[in-house]
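Same chain, two partners: chain A is paired with chain B first, then with chain C.
And then the complex of A and B:
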């Protein structure tokens, strides 16, 4: 199984029902996207940062921001000229003017994107992919779709290894001097293409075998499907449902404060 | 396996599940692992769109919709960009659907003109097809014409870049989202230029694949 951002742990969010976490993630993302003043977006972001600090540690606030800093920089640089209003702070050219409206808009976009990224990071850091798929099943994802995703996740590591083996084999077939030449994208492509043809053919050839394996295991037979690792009834987790409602209430309250 | 040469295999539920799962894994591999750095921009071209073009050409629009969207979204989940996964699913899924529909329409138009490459698998496929099988399923390979490919490229690019622009505009503003458009166009160029020869190479090397369209 290929690894995602999930790290096992015992924090409050690790023990929270994934269905509730998914619902809160969707609602928190929607709250970020709804047009709001920058002060409101800042509160939402601080709410996510506080949640990260309390559950998985303050040092986990920075990894999601580290992965998106080029986009944040682009937003800061490129947004102000398109939003002109209020006090002008400085101008570089006649076209590039930095005003109060531009800075507020840039801050809103930076906080929005950082907040959504951090919220998704927190969710997938504390939720394994199995739990995520089970919660999607509870929300109505068909059994076949969940099966497809699960099988794909299990095939990805073997395909990565296959591709690596094929590329190594092709590299060994090239003359030693050619391996040490300066980088050239066209040459790189000519080296990659035979490998991807081989990977594609090998993958497609495994389709009939996999489908036979599914049929041998009874796939396609009529009858009720069994989940061997079902999630417990949501009502058995009344305390967590109460906490989720309180969080929703705080979300609404932050908008009106 | 005899079933490899049978018509109708693509309609079996287990076969469809297996096809989708394998192609999703391939798309994720192409998006996440197979990349060519582009030195001037310090960026890279990933081969996710290559896989989408390939799937649309060989397996059809519905398969391309599901595998293109899911494969690229899974790549986002694995690589730490999970916030883009829902939008990636939408953009690349609809991109695959658009490309597949255009190629399908192009083949219907050109099939009347009789532009057909004789089946490369007629000799290698083993037992000859019965007349019923031959009439039930086209054993030939329909190579898409240049105009079909161009139309598919345009459709895929407009859909993919357009959805990324709109959703990116919500997240990072439309000015920053517009800056991503050239990169998305370049991805689609790589997709059609590499995906087409890839499809032709696989068609030639593995003839039973002609029965896998649905």
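And then the complex of A and C:
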């Protein structure tokens, strides 16, 4: 998860100003979103992969892909029949046809998802949440909105951890012979449901207590707040603009290469 | 001396929940309480007596969030809480909730301490100074960058104490805060509070006449009022089940265990992937039929980790857990121990043989009524409907649960804990792990809970920070430190604590 992705380190990206990294992240994400041929998207993805390898190590290429593989699989399965054109490679039924256009579209989407996820992963692997929030505030995000993001980062992983705890608790209540039974997907699904209900009960119950916790810590006392942790000293704006222009140039180069 | 907190003639009734026929009873009926500056006042009360509500009224959260019929007056330092928002009360009163997870807001320990100071618009240098001071005072410096969610229950409560200490309000309201904190830190927290000269309203489910050298006896919250008369305190505490005394019909002395081992551990190791500094290593441990084994140790020493290994939720990275006795050096069961063949247990087998009662009861409660909650496990075991009804009724009586149609989310924390225990009692597992079951429970509830589970064919592993409970209920006490079982005298460990023992 995003809030647990950060690993302290001394790589070039760890030492880069988070405001600049945030700007570059937006640029790189925009590059993935702009309609481009599959070869260009592949170059952008390879660019991110090279950056990951050079800064935090090649093995870090895989965790972001692992986290989205069900989506990627779904895209590969669902996209081809909706984009028909060019050579037809095979068909399963009248409507499920796999053609060159379908494969290209599926690959484009897979590379786009993978690229954006990997870019965000690299950003959060090398930037702590506090630095990220402070950067957003430096760019003018109001404090309340920044707090919402902080709390989301605090609670989303907690909910996942909570779901794990609840599933553990429910597992311990099940009968001894169940694990010897044959795999039954309906039964397995029926076991997910109580866990989700428990998480929902917890989440709904936590709304007023979260609000209470915020108020007794002075949230809303006045429109002003100070910051405990400062951003690193601002690099010269000229230098930041220079770096951003170089990255933009690389992106354009990759587009026309 | 001018009182700091003055509650006079407080009446409070929660509003009626829509779509229910339950008419709420008045919770407070003319409650009076005065606390002077620097006074340390403990108020003991049974579950559902209104301790949490009282803490939230004093901090301005109730009835603001809940509604309800509120009469009487509550003032802190001359400020009427009815006229102030909770934010405005922050410099005057600080509260620590019973469940620390409900109060943690940020993703770093040091940011958590800094949060209220940022709200007060203190300069950065002052915030940094106070954060550093409280990190050191509560020995959290090594955890400053950790996510508070990853701390143990006791460490989270220490962090919340550090947050309050950084703000420094003259009145602290602590809702069962010493529960889940190890004996050494219980004493140190009381010491720090006295050193800071803060007035303290400490709410507790246990009544101990003398706590860590405090001059005043605790008051008791019962029947919607606070009892202060010294003659009636002991009598009321006994009636409310708040003291550790033998009550008629309750067997607390256990025969020496000589049963066969139900579960054994041999050369087991376990480490967390994201906490390289911690490693659990247990060479040998046995739980025998009929015994109650207490597992004690400082916060974060690995007690819950060991419990989760024993019930199959975690898989050891080395070594084995056996259902039955561990095999001898040659791989053969040791004959003098063996009544059943040794079986290196797969996680699934452990999960269905060990009942693990979580610290937080809400993890295991998800159905709309007490009846359905109790019946769920029996239905999964394909028990007949008539038998389910009989056993559910019996469990509800034994664990003093409210009417079977009650919705669990509307029950108190203590009642939900009893419900959770009843669920496992119905499943009739041979090994039961009670993880800090005394937290939030009155002593009578705990006694009844242990007695309900105690039988000649069952083993109980009881995790607690209370030496009094350990000595009272257990046949053996095992002490853990830094992930290992030590030979240290548990008595010395418990003696570092408060006089809740």
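Everything below uses one rule, namely that the second predicted complex is superposed on the first by the 153 of 257 C-alpha atoms of A that agree within 3 Å, B and C clash if a C-alpha of one lies under 4 Å from a C-alpha of the other, contacts with A are read in each partner's own complex, and residues count from 1 in each chain.
Here is the rule we use: a residue touches a chain if its C-beta (ideal position, glycine included) is under 8 Å from a C-beta of that chain, and two chains touch if they have at least 3 such contacts.
These numbers were taken from a predicted model, which means no experiment stands behind them.
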| item | value |
| --- | --- |
| Touched partner set for A:10, first chain B, second chain C, both or neither | neither |
| Which superposed partner A:130 touches (first chain B, second chain C, both, neither) | second |
| Partner chain in contact with A:156 - chain B first, chain C second, else both or neither | first |
| Partner chain in contact with A:206 - chain B first, chain C second, else both or neither | both |
| Chain B versus chain C as contact partner of A:74, first or second or both or neither | first |
| Which superposed partner A:168 touches (first chain B, second chain C, both, neither) | second |
| Partner chain(s) touched by A:93 [first = chain B, second = chain C, both, neither] | neither |
| Touched partner set for A:112, first chain B, second chain C, both or neither | first |
| Doubly contacted residues of chain A, that is, touched by chain B and again by chain C | 3-4, 129, 151, 153, 197, 201, 205-206, 208, 210-212, 214-215, 219-220 |
| Chain A - residues contacting chain C, complex | 3-4, 8, 128-130, 150-151, 153-154, 157-158, 161-162, 165-166, 168-176, 178-179, 194-195, 197-198, 201-202, 205-206, 208-222, 224-230 |
| Residue numbers on chain B that touch chain A, as the complex places them | 1, 3-4, 9, 12-15, 17-26, 28-30, 33-34, 36-39, 47, 50, 54, 66, 70-71, 74, 77-78, 80-83, 85, 170-173, 175-176, 179, 194, 197-198, 201-202, 205-206, 209, 212 |
| Residues of chain A that touch chain B when the two form their complex | 2-5, 33, 64, 67, 71, 74-75, 78-79, 82, 105-106, 109, 112-113, 116-117, 119-121, 123-124, 129, 144, 147-149, 151-153, 155-156, 159-160, 163, 183, 185, 188-189, 192-193, 196-197, 199-201, 203-208, 210-212, 214-215, 219-220 |
| Complex contact set, residues of chain C against chain A | 56, 59-61, 65, 85-90, 94-95, 97, 101-108, 110-111, 114-124, 127-128, 131, 145, 147, 149, 163, 274, 308, 311, 313, 348-349, 351-356, 358, 360, 362-367, 376-377, 380-382, 409, 423-424, 427 |
